[in-house]
Amino acid sequence: MTIIETEGLTRQFVRRSKGLRRSRSLLTAVDDVTLRIEPGESVGYIGANGAGKSTTIKMLTGILVPTSGRVRTCGLDPVRQRRVLASRVGVVFGQRSQLWWDLPVRESFEILAAIHRLPARAGTTRQDELVEQLEMGGFLETPVRQLSLGQRMRAEVAAALLHSPELVILDEPTIGLDVLSKQRLREFLLAERARHGTTLLLTTHDMGDIERLCERVLVIDHGRLAYDGSLAGLSRTVGAQRVLVVDLAESLPDLVDVPDTRHLGSEGNGLRQRLAFDAEQTTAARVLAAVSKRAEVRDLSVEEPDIEDVVRRIYSTHR
Amino acid sequence: MRAAVRTYGKLVASGFRQESHYRLAAFAGLVANVTFGFLKAAILFAAVRASGGHLQGYDVGSMSAYVWLSQGMLGMVNLYGSHELGERIRTGDIAVDFARPVDIQGAYLARFMGGRTFTLIPRGLPSVAVGALTVGMAMPATVTPYALGVVSVLLGTAVSFACVYAIHVLGFWLVETRGLQLLYMVVSGFFAGLFVPLPLFPAWLYDAAYATPFPSVMMTPINVLSGQLTGLAAWHAVVVQVVWLAGILLVGRLLTNAGLRKLEVQGG
Amino acid sequence: MAEAAGALLAPYKAVLASRIRAQRSYRASFALDLGSSLLVGLVELAEVWILFHNVTVLGGMTFPSIALVFGLADMAFALADLAFGHCDRLPTYVRAGTLDVFYLRPQPLLAQLVASDISLRRLARCLVGAAALGYGLVAADVQWSPATIALLVVTFLSGCAIFSALFICAAGLQFFLINGAEMTNAFVYGGRYAATQPARVWPGAIKVVFGMVFPVAFAGYLPVLRVVDLPSPHPFPEWAGWAAPLAAVWAWLFAIACWRWGVRHYQGAGG
């Protein structure tokens, strides 16, 4: 059974402009999206802000009704069979909390166990498993409002997984987290998938999430599905490039002859130089070595292609 | 002096502008006002008629004036006791206000008056208009009650602000001003003559009411506008408003300065 | 059977129990809320009392009879407010995203909304209504009989149902009124106020609104007319005092319809 199946999924909003002159305009948030996600897949769903990601998720979970087209989640109609679907899907909203603000984390889990009618023993074993793997033992008794962002996200993920859903949708789960927390969360999600075969659908702005978690990437731009395929394919299609930024010990003329790189620009009269390179062709280490042969490098940083850049390129490739 | 006037003028305008973004909320308030107006009119008219057409100086026409003017004034005065000031003191943002070169109390008063004046347009005046057009009400035929009445309305609004401000400034010392706020909400409306006109109160309750500033918030403006109070009596009531306003503003001012000193001692 | 019912209600009990615990833990704050709730009730009773301090008969009723009306209606409202009072703050749930979270749980949306909170402090307000009711039963010209007792009980229960329905109706309409939610105060709190009035004094338009659309006149006034043996005002028939349960059913049908309408609007169904 396909976990997620949409056909020509469209959602339009009517926007009434405020003020004296009332005019109505039609905003198409999701435009004719067709996709299939099979059980066990790990899919990244990326796009610029306002591209239609949240709207899609709302239609997958039954919060919004499609204007046209068809959607089935876990084989169910999300609007008509919402309550049945709720037992099979877990959602982590980055901005919204599923937990009770003034209660200890443990109590939120107990209430959720009652809500999902988890049989007593199975419920606690599952909870213990999650607590252990997400290392939440230290703050189980803390009220949710006193948790740090990293702790709260872990609790939210646990809350979404408590009823062992087949499909987990995560909406910007790593936003605002520090590097270590991000890494731990990603490792947990991978392990969870390996153990239980859970399907993951992840919206994010963080390419790091995509690279480490997803085998498949969906790119949505202005409501349309601009790309649906593997991550490697994405980089290839887009030709996205990483950028090495070097701070040199002394000013030099532009380094235009470093192999496999393209010189983007210089600052501070040649003290800082930016070199773009294709991740498929070479590595940051090799570029650094090549630059070091020509000059003494004081400091460096590597810029990843950001989502907006990738999306922009895709859109321009598709035209 | 001129600069100060200009500053306060700008604050009034900004309060006016800010309130203009909440038009739908004002309209919602209008609907509630009108509903309560009709209900109040029904029961109070019945009371007047059951009393032979005259009840404590009211006939149906003047009682109608009371009902609709009181509903109209609801949008102007602050009888809820809530104000952003409380939150700012709790979070400490109040330090920013102290750092500004404008007097805190004056600034908040100016913005409040500006905002309230705006609500007259979608809420206050239409409430009165609905009453006048549907049920009809007896209003004076001369200019003086209206002129003095406008002043009285502004004074009453300011008095309600002064009370709410003083309550929240106590937040420098009290952890929770919610209790006072709730008490204010319950008591102020009752003694302001929102529920029934004060002349209907039994003597002891009437005296109790006039021992508080609340009649100056609503009952006096209504009395002056509708002509229930005329001549010297009207002027006297307005002077009482001024006295209450000055007194409570002074209390608020002293509390503000004490609060500022407390902040400075604590290191803000 | 009981076990099945228990299992069905378990999720709601869990949430409510936690809210009760949370409220009781803030002792001082709770005491304050109780006090102010009591005070509000007293002030509203005082309003009625002051009117009767000035005239002996209003709308065909004396003060003891009106106290009976007030007692029944205000107590019913206080209980409805206790269980459903948070529902007419729907915009808060929408803005916080809490409503969206309800969609992710295997329970009906409305049931989750209703069970999400409880306002224990309204119990204090109940006391005022109870006191007025007690006084009215003793001082008014009550025609005692088993039928009278039955009528009083049925009226009270129907009153609870009617006022609860008003809160739900408000919630449904607030999907359309996110920024103008106070508009529903007109019939929720206006309804409470109207319920404590003798409907005889109402002009026709109000009789339609609060006698038929939001039938709060059935929560106290019309039944009490039967209890003290007074004639029903036009256009209510004499048996209207017994029709409180019908009014309650109508109120709930209307409320559910408003709720469904609001949810459909929120989900963007139907265009």
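Note that the chains take the letters A, B and C in the order they are written out, and that residue 1 is the start of every chain.
The criterion applied here is as follows: a contact is a pair of C-beta atoms (placed from the backbone, for glycine too) under 8 Å apart; a residue touches a chain by one contact, two chains touch by 3 or more.
Note that this is a predicted model, so its numbers are computed, not measured.
Chemist: Whose C-alpha centre lies nearest the centre of all protein C-alpha atoms?
Modeler: Nearest to the common C-alpha centre lies chain C.
Chemist: Starting from the Cα centroid of chain A, hunt down the chain whose centroid lies farthest away.
Modeler: B
Chemist: Let me have the rounded angstrom distance from the C-alpha centre of chain A over to the C-alpha centre of chain C, please.
Modeler: From the centre of chain A to the centre of chain C is 46 Å.
Chemist: In angstrom, rounded to a whole number, how far apart do the mean CA points of chain A and chain B lie?
Modeler: Roughly 52 Å, centre to centre.
Chemist: Chain B to chain C: how many Å between their CA centres?
Modeler: 29
Chemist: Considering the complex alone, what residue numbers of chain C touch chain B?
Modeler: 29, 32-33, 35-36, 39-40, 43-44, 46-47, 50-51, 53-55, 57-59, 177, 179-183, 185-187, 189-190, 193-194, 197-198, 200-203, 205-206, 210
Chemist: Mind pulling up the chain B residues that touch chain C in the complex?
Modeler: Touch list, chain B to chain C: 22, 24-25, 27-29, 31-32, 34-36, 38-39, 42-47, 50-51, 55-56, 176, 178-179, 182-183, 185-187, 189-190, 195-196, 200-202, 205.
Chemist: Under the touch definition given earlier, write down the residues of chain A that touch chain C in their complex.
Modeler: 11, 13, 58, 61-65, 67, 79, 82-84, 86-87, 89-91, 93, 95-98, 100, 102-103, 107, 110-111, 114-117
Chemist: Within their complex, state which residues of chain C touch chain A.
Modeler: 7, 10-11, 13-15, 18, 22, 96-98, 100-101, 103-108, 267-269
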